[in-house]
Each structure stands twice: as structure tokens, then as C-alpha cells.
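The structures come next, written out as C-alpha cells.
Both complexes below contain subunit A, partnered by subunit B and then by subunit C.
Showing the complex of A and B:
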């Protein structure tokens, strides 16, 4: 079992590394890069949503800000793209700390609405600030690899997103084993109780919010230099945030590989529907429908179904009392 | 056991919800090192008082002092860090975490390096096991808390509070919903823990438990104390009889 649990991720990692060389055309490399990008983003989203139970539909705000931050630094200031990517991600993280301090003061549905308001505001600001961002016409970012043709660029970005995914997974794994992670899970289980035991829940939530935003911003920055064309309506769309939620919920928010599994299902399915049905709104309807079905019938996700623990021996009251009699006062 | 001056003191504590005055200028001083009982009819403001003291609710007016330091508007985790632990009226544990994890959440750490270190520090695990052993539930450490019976969850809740090493423990209806054998066990545990130097404030409707266990009883009615003293004197106090029985 242990060999399987360690061997399977290694096998998947090896297949992922080999993927661009195994597929017959560059379109599938592109689709693979898109899938890995979503996997990295949903794993990042899960640093907040999975640990604390705070569902943000507005994480695309950090994706868009990371994308525009990187693009503007490259285009307006001529900063090398790697530096622009990192500086932009740090700035977005600092912004997320400020937003987080205000946003995580509310819980449940109120937090969801605040997160939607955030992405809507960012969209309006970027569209309105035409002199800087190009407004609704978007921003063109030069390719960092002008010597490569489009297909080869897809391959480079496939590996960059894969590296980002690996770091995001490593981060989630490390947090899950730490005291910080236990505090975050306690918030998900019962926030008031956690607070009464001395967990500074506000600071923990802001830290998780910012950490989550950092990786999403990095994904946004990579997207900017990969696609080379930023459309504010797309990068600040609630749909991207909804994809992160859907992928995490479908795979399982309590599992390291849950969002990755969700991305492996949802992203290719989305591409398939886009090709099969064309540029209609039907694939959006399909996304919404799947999200509703997952929430209703599989709220713990696929991995929770697969790893569902067998019911252990019941622990009845009588046994507890018997045990208590044995305890020396 | 000492019944000298108060480690916890409130002055003019007031809280209203809409038009309802839940706590009305309450001046309370606990006996340090004692088992203090807080009783009163339903709606007399006991739980609101509890929630104000532990930072769950902000008062409209008045002050809360612990060891002569004002903690009136401290957040609950800061109150916990001052050395005050509490349980809840309806037992609350982290249901999808193991019993051991429930315990380890209560370990206080502030340095980033310690926060990012592994949860299962050998020393802390041993300390958690010590408390679980004292509660008689050490054999359940790897079980998820939701699989425990209600009585076992009550014991786990108390064990987790003790893991944070509080000097003052506030118990909100510890006998609520548990069987008589467990009530006896909880009473014995509270006495043991008190003998080790911890002060207790117990809100409870089970009069046998309160009168048999507490050294000092405070009676609340309409949001403020109307009587206090040893159980024997409080039991006979006409104001208490009037509040409870309307005679």
C-alpha cells in the first residue's frame, strides 16, 4: 500500500514530464500546459479553501493582477520577464494581505460575496485605467522567447507551469503537516473553538489567503508572458475562480492531489466542449451544472470517495464508562 | 485550595441584545484557587457573562480584569493566552481531526519556525497523552473526534483546554447531556485539577453537582449577581429562592 501511495505519484510525475514528447501535436502540448496551469491554480486555491473552508470565487483577481503586473512591468518599464513575474507576485501578495485583513472578517456566504466583489472591482479598475492598462482593448506583452515558434513556446510553458505546480503541491504538503496547518484545519472545523484554544484565527486566515494569492499571481504572470495578450474580461472573470473551486471540490479539498485530479478532469473536458460545441455559452452552462452536481452529491470529492475509511469499531458510551472506572482518580 | 482575593474581576459589565439587557452592570470577583459556581435561572445572563469574559462578545460597558490586567476587549485567542480556558455549553471538538490533533491544536506557538515545524513534536505528544490518560481516553488518540461518544467528546474538550495550561478554567454546563457516572468522574477530575492549583468557574444547572463541588457560588438573576457565598448559605438565601421559585 505504501509502495502504491508513493509509487503512483512518482509514476504520474514521470508521465507528466514525458507528456510533451508523447503527444502527437503541439495543440495537445498547449492543452496540457493549460491543464497544468489550472492544476497549479486550484492547488493554490486549496491552500485557503481546503484548509480553512473559506470559499473564494474571486481568486481570479489575483490571477489577473499577477498577469497585468507582470505585463505592465515588462511593457512599461522594460523589466526582464522573470524579475517582472517575481516582483508582480510579491506585490499581489502584499495586496492580498491588505484585502485579506478585511475579507476574512466575514464568514460563509458573506465571504463568497466579498471575493466576487473583489474580482469585479479589479476588472473595473483595469478596464477604466486605459492610460496604464490599455483598458478594454487589453495589453500586448512581447514573447520572452522570440526565437521559438508557438509550439515550442507551449512546451517551455508546460514545464514552467509544471514547476509551479510542484512547488504549490510541496507547499500544501508542508503546511498540512505543520502546526500552522493544524490551526487552519481547526478553523475549518470550528473557528470559535479554535480561537478559544488560543489559535490567532485572523492572522492564520490572512496568511493562508496571501499564500494562496502568491501562487495564483505567479500563474497569472506566466500566463501573461505565455499568451502575450491580456483581455481584462477574461483574466478577471469569475469563471476562472469558479474553475479553481470546481476542480478542488471535484477532486477533494482535503487531499493534496484533489485539485490536481479535478484539473485533470475539468480542464480537458472544457477544451473538448469548446471544440465540440464551438464558442458558445454551452460549455459555461456545463461548468455550472457540474459544480452544482458536485456540491450536491459529492461534496468531499472523488479522492474522499476512493479513500473512504471503513467504519471502525464503534466506541459506545458503555466502553467509555468502563474505561473511566479503571482510571485511578 | 485557597479562597482569597480574585484572579478574575468584572466591574459594571453590561451587554444588551436589542432591547434585552442580558448582563446588567455585573460586578463579580472570583475566589482565586477555588471552584466557583455560577448559577441562575434560564436567561439570567450566565452564558453571556461567560462569553464576555472569554472575548467572544464585546460588552457595551464595564471592564474585565484578570490578575489586575484589563482584558475587556481582547480577542478570544488573546484571552486564552492570558491563561483562561473554556469549554462550551454544547460540547465542541474538531470532528474531522483525530483526538491527538484536537489536543495539539491547543499548543501555543508564535515563532514562524515553530509554526511551520511538524505538528507531532515528541514532547507535546507526550504531554497530550498525559492529559488523555487522565481523562481515560488515551486509547482513542488516533480516532477521529466525531467517532467518540458525547461523553468522550466532553472529556476530550476538557483535555484540550488543559493542554493550553490555563490557570483559570471556565466550564459551561459540564454535566449537560452526560450520564451520572460521567458526572461523578468530571466532578472528581475538577476537584483533582483544583487541588493542583487551578481556579474554576462552573456554570451548571445540576444543583447537586454545584452544591457538592463548588467552594463559592455566585447567583445571577436578570444579568447581575444577587447573592454569593458558600453553597450552604446560598442555598438558604431568600433572594435565591425568589429568583428560582418566585416565592
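Showing the complex of A and C:
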């Protein structure tokens, strides 16, 4: 079991690194890069959703802001793309702190409403601020690697997204073993009890919110320089946000690799639907139906099914009195 | 300037009345099940498209679609509650119900886009294109019709809720589910009918929407934001609060629309949403019910 749990991730990582050389054409490299991008984003989403149980449908706001921030810095100010990427990610994180302070004041359904409102708001701002962003016609970002042809660019970005995914996974793993992570889990189980036990719930929630926005913004920035053209309706679409939620839920929000597994299933399926059914809207129906089925029948995800470890009670079964009897002879 | 503001005010009140009808269903769902039904606007546009089909196929007045769509949507509402929402685990109902209804919304949007294509559709009647002028203020007839249909529907809804035996059972279920069950109210069935009534208002609202505005399958996203802002500002679960917030936000939207532009008019909804959350998270009229959600 231990070898399996150690060895499998290494094997998957080796396969992922070799992937661009194993596939026959550049289209599959492109699809792979897209899948890894979604995996990085949903892992990042899971920093908030998995630990605290706050489901955000609006993380595409941070994706779009990261993309537009990077794009605008490159186009309007002529900043090198790496600097633009990092600066815009930091700016989006600061913005997320501000939004987080307002958003995490409410729980449950209201929080989801706020997150949906955030995307619609950002969409309005970017489309309305025509002089800066180009409005609904979009923004063209020059390619950072003019010497490479399209296929080679896909390859470079495949590895960039893979690196981002690795950092996001490491971050999740690190948080899950820290005091911070324990505090966030306490918020998920019972926020009032956590607060009364001295967990600084407000600060923790805002920190988790900003941290999960950071990696999504980085993915958005990479997307901007990778694709080279930004369409506000696409980058701020609620669909991207719901993909993050669907992937995480499908894989299992309580597991490190849950969102990754979900992304490996949902993103290729989405690409397949696009090819098989063409540019119709029926892929929305497919996404919607899968989401309904997952919520109804598998809210804990595939990994929870596979490991079959029932989530134990959040409070130990024995009372303080019983424990006392054990230590006092 | 004064007449411009009056124009904005009058349009705002008329639109606000329609918003009150569109948001009333959301308040009902939240009341009976404590769920936020994100799919409500998607159902609105489903009704709008059905109205469009009836209108273009048979060439009849769009309001003649109502005898078909209202019972249909009532049945759909009962089915959604009984078959889907009632199956969710109660401990995480708030989050999971949003995701579930979100999935329903995506499903509807995809089907509408496949059947009707993504282009704009509209239902225009000859009587709806003229407008009434009162003291320099122009009021389009379609907006006036929308207001009165909304007012009439809301009046019927309130009468049902206050007078009828079913309304009493429904209000009892909203106020205290366990207590209602103790005195013999079949709360499960009543909750199902509550959803049915909520979706029936969506059928009426959809027909009105079809009359006053062009629509395409993704239109419902804008309305999710607007309607959610209304019910949060009004206080989740308060039907009266939602109606007052609807008028308030309708007027604010109308005034900003005539003085600034359409982008800022829509933005006002989100500004009010965030203000409400910062200053008064339970909403203007929300009490005990709202503060946990």
C-alpha cells in the first residue's frame, strides 16, 4: 500500500513529463496543456473549497483578471511577460483579499451568490472599460516566443502549466499538514465551534481565499500569453468557474489528487464533446447533467469511493472521562 | 433634467414591479427548503422560448401561452423538488443545492442553445411598441403591461398565501417546519407544491420577459446576478423584503440608466449586493431566518 501510494504519483509524474513526446500530434499536446491548466486551477480552487467547504463558483473572475492583468501589462506598458505574469498575480491576490473580507462574512448559499456576482461584475467592467481593455472585441497579446511555431509553443506551455500544477499540489499538501490547514478544516466541520476554540476564522478564510486566487490568477496569466487573444465573455464565463468545482467534486475535495483526477476526466471529455458534437451548446447540457449526477450520487468524489475510508467523526467517540480513566490507574 | 429623472423613476418603478415577480419565486424556494435556486432564471428563459414557439407557430398573443406553461411549470417545480432537491443530504444542503440547480441551469441553457440556436429571439406585438406620454414622460406600453401582469400575479400569489388552506400550510412550513409537521401539515408535499408555485411564477415572468426584451440562451446569467442581489438586499426568505428591494433596485437602475449608462445601471445591483453584505448581511428585512445563509 505504501509503495503504491508513493510510487503511483511518481509514475504519473514521469508519464506527464514524457507526455508531449509520447503523443503523435501537436493537437494532443494542446489538449494536454489545457487539461493540466484545468488541473492546476481546480487544485488551487480546492485550497478554499476542499479545506473550508466554501464553494466558489466565481473563481473564473481571478482567472480572467490574471489573464487581463498580464495581457494589459504586456500590451500597454511593454513589460516582459514573466514580470507581467507575476505582478498581475500579486495584484489579483491583493484584490482577492479585499473581496474575501466582504465575501466570507456570509456562509453557505450567500457565499455562492457573491462569487457568481463577482464574475458578472468583472465581465461588465472589462467589457465596459473599452478604452483600456478593448471591450467585447477582446485583447491581442503578442506571443512571448516569436521564434517557435504554434506546436512548440504548446509544448513550452504544457511544461509551464505542469510546473504550476506541481507548485499548487505542493502548496495544498503543505497546508494540509499545517496548523493553518487544521484551522481551515475546523471551519468546514463547525465554524462556530472553531471560532469559540480560538481559531481566527475570519483571517484564515480570507487567507485561503487569496491563496486559491493566486494560482488561478497565475494560470490565467499563462493562458493570456499562451492563447494570445482574450475574449472577455470566455475568460469571465461562469463555465470556467463551474469546471473547477465539477472537477474537484468529481475527484474528491478531501484528497490531494482529487481535483487532478477530476480534471483528467472532465477536460478531455470536454474536448472530445467539442470535436464529436461540434460548436453546439449541447456540451453545456453534458456538463450540467454530470454536475447534477455528481452532486446527487457522489458528492464525496471518486477517490473517497476508491479508498473507502469513511470520514470519521470530527469529535472523538470517547468522552474526556473515559480518557482520564485510561491515564489514571 | 427633471423630466429625464422622472422618466428614469417611472421606468424604474415599472421594471421594479417585474423584478418583484421574478424574485418572488426565489423567496418561496428559499422559504420552504432553504435553498437558493440558481436555475430560476434559466426556467424563466425556458418559458420565454416556449412562449416564442407558441407565438410563432400559432400566431397567437404571447399571453395565450400561459394556460400551457403555467401548469407545466408547476409540475416541473414539484418534480424538481421531489426528485432532486429532497434527495440531498440535509447537512450540506445549502451548498449542494446551489450546485445542483446550477447544473440544471447549464442543462437548460445547453438545450435551448441546441434547439433554438444562439441568436437573439424576440416576441413583438403591435400594441407593445407604442408608448404612453404623461407630462413629458414616455412610458412604453410593454413595460406597463409587464408591470400590471406582475402586480396581478403577485396579488394572486399573496391572496393564495394568506387566505387559502394551502397557503397557511405553506407559510407554516416556511416559519417552522417541525412545528408544522407536529400539527399535521404534510410538509414534504407542501414543500413540493411550494416549488411548483415558484416555478409557475417563472412561467408568467418568462412570458412577460419575452414581450419586453430580446433574449438568447445565455441571457439567464445576467438575471441570476440581478435576482440574487434583490433577494440578498431584501433579506433571504422574506417575500415582502424581496418585493421592496426589487422596487428599490429597479428605481436605482432606472435613474442610473438615464443619467450614466447601461453598464453602470447593471453594476448597481452588484454594488448594492456588496454594500448589503458589508453593512447588513441579513438584508434589509431579513431576520432570524437569514443570518445563517
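Miscellaneous remarks
Assume the second predicted complex is superposed on the first by the 309 of 329 C-alpha atoms of A that agree within 3 Å, B and C clash if a C-alpha of one lies under 4 Å from a C-alpha of the other, contacts with A are read in each partner's own complex, and residues count from 1 in each chain.
Criterion: contacts are C-beta pairs under 8 Å (C-beta built on N, C-alpha and C of every residue); 3 or more make two chains touch, one makes a residue touch a chain.
Treat the numbers as computed from the prediction; the structure is a model and nothing was measured.
Contacts of A:289 after superposition on the shared chain: subunit C is touched, whereas subunit B is not.
Looking at the shared chain after the overlay, A:186 reaches subunit B, while subunit C stays out of its contact range. In the superposition on chain A, A:196 makes contact with subunit B only, while subunit C stays out of contact range.
Once the two complexes are overlaid on the shared chain, A:178 sits against subunit B while remaining clear of subunit C. Contacts of A:113 after superposition on the shared chain: subunit C is touched, whereas subunit B is not. Contact with subunit C, but none with subunit B, is seen for A:281 once the two complexes are overlaid on the shared chain.
In the superposed model, A:10 makes contact with neither subunit B nor subunit C. Put simply, subunit A touches subunit C in their complex at residues 53, 55, 57, 102-103, 105-110, 112-114, 116-117, 120-121, 124-125, 127-128, 238-239, 242, 245, 249, 280-292, 295-296, 299.
The residues of subunit C lying in touch with subunit A in their complex are 30, 34-36, 38, 84, 87-89, 92, 94-100, 102-114, 118, 217, 221-222, 224-225, 228-229, 232, 236, 261, 263-264, 266-267, 269-270, 273-274, 277-278, 281, 292-293.
Across the complex, subunit B is touched by residues 174-175, 177-183, 185-186, 189-190, 192-202, 254, 312, 314-317, 320-321, 323-327, 329 of subunit A. Within the complex formed with subunit A, the subunit B residues making contact are 54, 56, 75-77, 80-81, 85-86, 88, 92-97, 101, 104-109, 114-119, 133-137, 139-140, 143, 147-152, 155, 160-161, 164, 179, 181-182, 185, 188, 192.
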